Amino acid sequence: MKRYTNTELKLKNSFFIKRLPFLSVFSIIMLWEALVRILKIPSYILPGPYEVGMSLFESRKIILSHTVVTSTEAILGFILSTITGLALAFVMNRWKTVKSILYPLLVISQTIPIIALAPLILIWMGVGVLPKIMVVVLVCFFPICVSTTEGLQSADPDMINLMKVMGADHLKIFREVVLPSALPQFFSGLKIAATYSIMGAVIGEWLGAKSGLGIYMTRTMSSYRTDLLFASIVVVVVTSIFLFMIIEIIEKLIIPWNRVKDIKGDDVK
Amino acid sequence: MKRYTNTELKLKNSFFIKRLPFLSVFSIIMLWEALVRILKIPSYILPGPYEVGMSLFESRKIILSHTVVTSTEAILGFILSTITGLALAFVMNRWKTVKSILYPLLVISQTIPIIALAPLILIWMGVGVLPKIMVVVLVCFFPICVSTTEGLQSADPDMINLMKVMGADHLKIFREVVLPSALPQFFSGLKIAATYSIMGAVIGEWLGAKSGLGIYMTRTMSSYRTDLLFASIVVVVVTSIFLFMIIEIIEKLIIPWNRVKDIKGDDVK
Amino acid sequence: STNQNKDGGTGQDTKTPDKIIFTLDWAPNTNHTGIYAAKAKGFFEEEGLDVEIIQPGQNTADQLVASGNAQFGIGYQEGVTLARLEGLPIVSIAAVIQHNTSAFAAPKSKNINTPKDFEGKKYAGWGSPIEEATLKALMDKYNADINEVTILTTGATDFFATTEKDADFAWIYYGWDGIASKIKNKPISYIMLKDEDKALDYYTPVITAGEKTISENPDLVKRFLRAAAKGYDYAAQNPEGAANILLSNAPELDSALVIESQKWLSPKYKDDAPVWGLQKKEVWEEYTKWLYDRKLIDEMLDVDKAFTNDFLPEK
Amino acid sequence: MGPKIEISNLHKSFYRDGVTLDVLKDINMKVYDGEFVSVIGPSGCGKSTIFNIICNLSSGYTGNISIDGVDLKSSKKRMAYMHQKDLLMPWKNLKDNISLPLEIQGMDKKEAYEKIYEMLPVFGLEGFENAYTFELSGGMKQRAALLRTFLIDSDIMLLDEPFGALDAINRDKMQLWLLSIWEKFKRSVLFITHSIDEAIFLSDRIYVLSDRPATVKLGLSIDIERPRNKGHITSSRFNEYKALLFNTLE
Amino acid sequence: MGPKIEISNLHKSFYRDGVTLDVLKDINMKVYDGEFVSVIGPSGCGKSTIFNIICNLSSGYTGNISIDGVDLKSSKKRMAYMHQKDLLMPWKNLKDNISLPLEIQGMDKKEAYEKIYEMLPVFGLEGFENAYTFELSGGMKQRAALLRTFLIDSDIMLLDEPFGALDAINRDKMQLWLLSIWEKFKRSVLFITHSIDEAIFLSDRIYVLSDRPATVKLGLSIDIERPRNKGHITSSRFNEYKALLFNTLE
């Protein structure tokens, strides 16, 4: 019966652990509300969560319409980043020359403060959806490409050699050895990118736009509606986390051996 | 003599490869200049590299003084991020509870578009050096902490078990097994953070400041001096790459076994 | 395609409307009401125009107009002056407000009543060189030293946020931040620019267009201004209606502020001018000279190229 | 004095995809102080699993295990455990890999190196002090791991196929070396091997495990005098043992 | 017809920290079509290095190697190579790990699985089709790697200590299995082992290598009739060979 108890304990434990993030977020929210009430912080300096929630509810229609705009930009940019990031990582892994040409340019692209270029980006690309997608790509592309590149390098050279001796062609070696070795790091890149994508779109809107959460935020601020500003930040955070979790679910589906490894220490599932 | 030729070839090859990045950057600059001249692009839309270089030279004193401000903020923030990022990664690795509490908050911190909070940050923290450092930390902390956390997890559990059986305490296991396994990923996090740090400081200045490259850029742009804007972007890029390379050198010194691994395929050094 | 719909009437023909991008200078406010009104009331549509109003990042509007990415936008006389001197081909085609309603303002508690009081204080601005120049000129007049002022750049951050912590004073439009101070019951002291020097009663904000748009499509400019003028006339006559139009386009704005601001500003769009938007050459000349005399610019602006009344609808 | 290691009624199962894989079934074993005990059994029957349990690395078992009379669960005893994989650290060169247990035990680096340098020739590793693992052959890695295990300061040694990757000559050499140090220090040794000869030659007692789920099929005392030498291998008693073990295994 | 594999005057050195480590020195070997040739030699002498070179995985050598009469450098021949490490992929379960060569050769998955399922019992791996590598014992991994190697469609097999982690019984079983498939398909086999018995029992010819730098100390033809069975091991000829090899090694 000892084993059974053991299992039960573990289950309880993981039940608790799984809910901890919610608990921690929840307690921070409570703390924040308490702080605002006790210190009587004026709403334009820091609105309490209750007030933010109410404002969010009241303005839900407007905020939703802006969110749709921003999410679309973010998702388009994210998909584009994934495709190009992957493609480039493959190419750089395959041809070292390409890598030594492009890698420094990649790093440079990350050091440029985009907002500094705001006016110029608009001049070059107009005020449509294009510059927003470009900002998202600029922000998301790098983590994806870099992690994938490093993942591709992590493949065991002995395994690659074995595949060669077996007569596998480049594509096969890639699919069977290099790619699976790279997947965990590819996904951690994807998750970082997902985290950044909505923020990237918001910054893109900052450059100039007619709608989107970025625009909405500047407006709420210039009309001293800090509560609405926070409401839109909440939306940004929630949407980003939603994206993040989708990637995490896909990861769990695609990398089953990692999941199996997780329970390595546990003999009792 | 065959072997000798082989070595020579490899050397030549790496000589070429090492210079490729410079070549590629150089050719992009040439292309850019050609483009600007042939299409007669007006300077306010896209100044040519020659013009940018001249403006940079002429305003070098002012730009230098702003660069010092920005670099100081960036480096302070970077150091702070490294310390806190490492510390948090360790703590999260050691106590899973802490991890499940803090990790989600970490992710949330990355999804918040800082510029949206600009006015509030100004209200909360003023226009001193503090908010800039905070932005740098916000930008740099995440990659360092996440990569280190993942690096710490990559340690071979069998090795850790062996250490336990040998009677090693937590600290020893950490130092001898967990840390070395994490170092490569820790450094890739550091490099990403170094890439972002100057940009972070520039964005921090955007929130409000009296000097620094971010301020200088706003001013050049409001005085319609696109050439000077580009000059300051060049400075940002060069400074960031400089930081990046410093980290890379430190990495080479600290992780010698990775260097050894590099030449695994080569029997002839 | 250019829509040769000249009768200004109904725009009922089958031709597709011309797409126009109009760029604001700042978050939507009562300076922009006429444009929103023209859009909401269908004045643009009548002219065969499909106007998209965008809000750019800071310091971007002039560049967008100069490069032709936006056909029209909001600018300021001093911006047009500096931009033209740097070679940006933009032209002021209408004055939104006849007189300068901007002021240097500070919370009452800061005790800033004359430019002399700027000494030892912190100014928060959006990063234009004209700010420091204007401050210097004003302070020189009072024998105060500009070097005693710390100049902070806080971008498009609003007046109350900036003066909450570090900064002491900022440059505002009275019709917006000044009214806000009343509504929020946060008294301010302010120094109106136009009271300090006659030359400072210049046009701000103005509507700008690119030289290329003007020379290649004068008809478009005419149609645009005809609709915009109707919009501002509407706003002048119906402050409440105009305020509501602005509010429906930017619902997050504080409605009390918009209504009060609109009431204050509506009479000032046209003011003493025979028609809305008219710009006087003397105003441009005086301001340029004022700048030049104080060595704030290196050469005089050719004012005839910098503004035009040619496209305003004649009464 | 009671046994050094006492295993009673040990059961262990793994669970996978909802299927239970019974690995150990009612295992009883004893190792007395200073005794050399071998475990042989078919590949995959659960030998390494027993070691893992004794080392406190696996907890989902039933039954009782005591070390020095103390229940395993509350014992914090250090053991000289040699894993079936070499588990050398790629970021350490040979000398640092080997000196690891000495360092853990608090010896300073210089002294540790000196101690190791004495031993390297015995293990055929001299001249490779600074080599990283990828520069070593399979057998060299195994010898390094064995040397490292030997340096762990414990009176219990658990060796999981320590000579699996060695050629006959080196294997003989290492066997003799192991016997000599065992006779000198009288540590208690539990030894997994798949060579019947090796088991007989080295052990005081041999446990033969059955196929999975492993049960103890036979516990055999080896009555050959010590110190032993290769001459014993041809003795008739040796061959009797050999035949018995071979038959038990089949 | 010339030899399947011909190695002449093979030299190979490694460089580290400016020091040269000579590993192979004037190695000459031949493997004829359908021949079973073993290589024995001290641990660390360079056996695995020879395999690496034959597989075209190492280029910094001097000397000539030809496969089927074609120079190695220009040959693209697929070989059934079994590495000393198991090199199973942690992201594949057992059946997918094993079916890899079949897939590479273009067989479809279902057919491949069927083929494998037939073989699993022979290798004692039935019931572990879906197990990931960490769920397998050391010997099971080695057997899986051997089965995978066997499925590589090539008339040359290079086996680097394929039975190193197996117990006596399983080892005998695998040896007999290897002989039977070899007799059936007549592949040319080059076989590294450190068991003299195993080498004699299996081979047509045995090369004995010296300590590093490795030279060929002896090339011995084994004149024991085929098919062989365990009975041969006790023959006097077998023991003569054994003594000769043992002495050469020492």
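The chains carry the letters A, B, C, D and E, assigned in the order they are written, with residues numbered from 1 in each.
The rule we apply is simple: a contact is a pair of C-beta atoms (placed from the backbone, for glycine too) under 8 Å apart; a residue touches a chain by one contact, two chains touch by 3 or more.
According to UniProt, the chain labels map to these proteins: A, B = Putative aliphatic sulfonates transport permease protein SsuC; D, E = Aliphatic sulfonates import ATP-binding protein SsuB.
Predicted, not measured: the structure shown is a model, and the values here were computed from it.
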Looking at the contacts, which chains touch chain B and chain C alike? A
Going by average Cα coordinates, which chain is farthest removed from chain D? C
Counting C-beta pairs in contact, which two chains come out on top? A-B
Chain centres from averaged Cα atoms put chain A and chain D apart, in whole Å, by 49
Cα centroid separation, chain A vs chain C, in Å, comes to 39
Inter-chain centre distance, chain A versus chain B - centres from mean C-alpha coordinates, in Å: 19
Multi-chain contact residues (two or more partners), chain B: 45, 119-120, 123-124, 206, 221, 264
Indicate the residues of chain C shared as contacts by at least two other chains. 58-59, 63, 67, 157-158, 161, 164
Scan chain D for residues touching two or more other chains and write them down. 14, 16, 85
Which stretch or stretches of chain D touch chain B in the complex? 55-57, 78-79, 81, 83, 85, 87, 89-92, 100-101, 104-105, 132, 134, 152
Contact footprint of chain E on chain A as seen in their complex: 156, 158-159, 161-168, 172, 176-177, 180-181, 183, 255, 257, 260-261, 264
Residues of chain A defined as touching chain B within the complex: 17-18, 20-21, 23-25, 28, 45-46, 96-97, 100-105, 107-108, 110-113, 115-117, 119-120, 123-124, 142-143, 146, 150, 157, 188, 192, 195-196, 198-199, 202-203, 206, 214, 217, 221, 226, 229, 232-233, 236-237, 240-241, 244, 264-265
Chain C-touching residues of chain B, taken from the complex the two chains share: 42-45, 118-120, 122-128, 205-210, 215, 218-219, 221-225
Sites on chain C touched by chain A in the complex: 21, 23, 26-29, 52-60, 63-64, 67, 69-70, 156-158, 160-161, 164, 180, 184, 250-254, 257
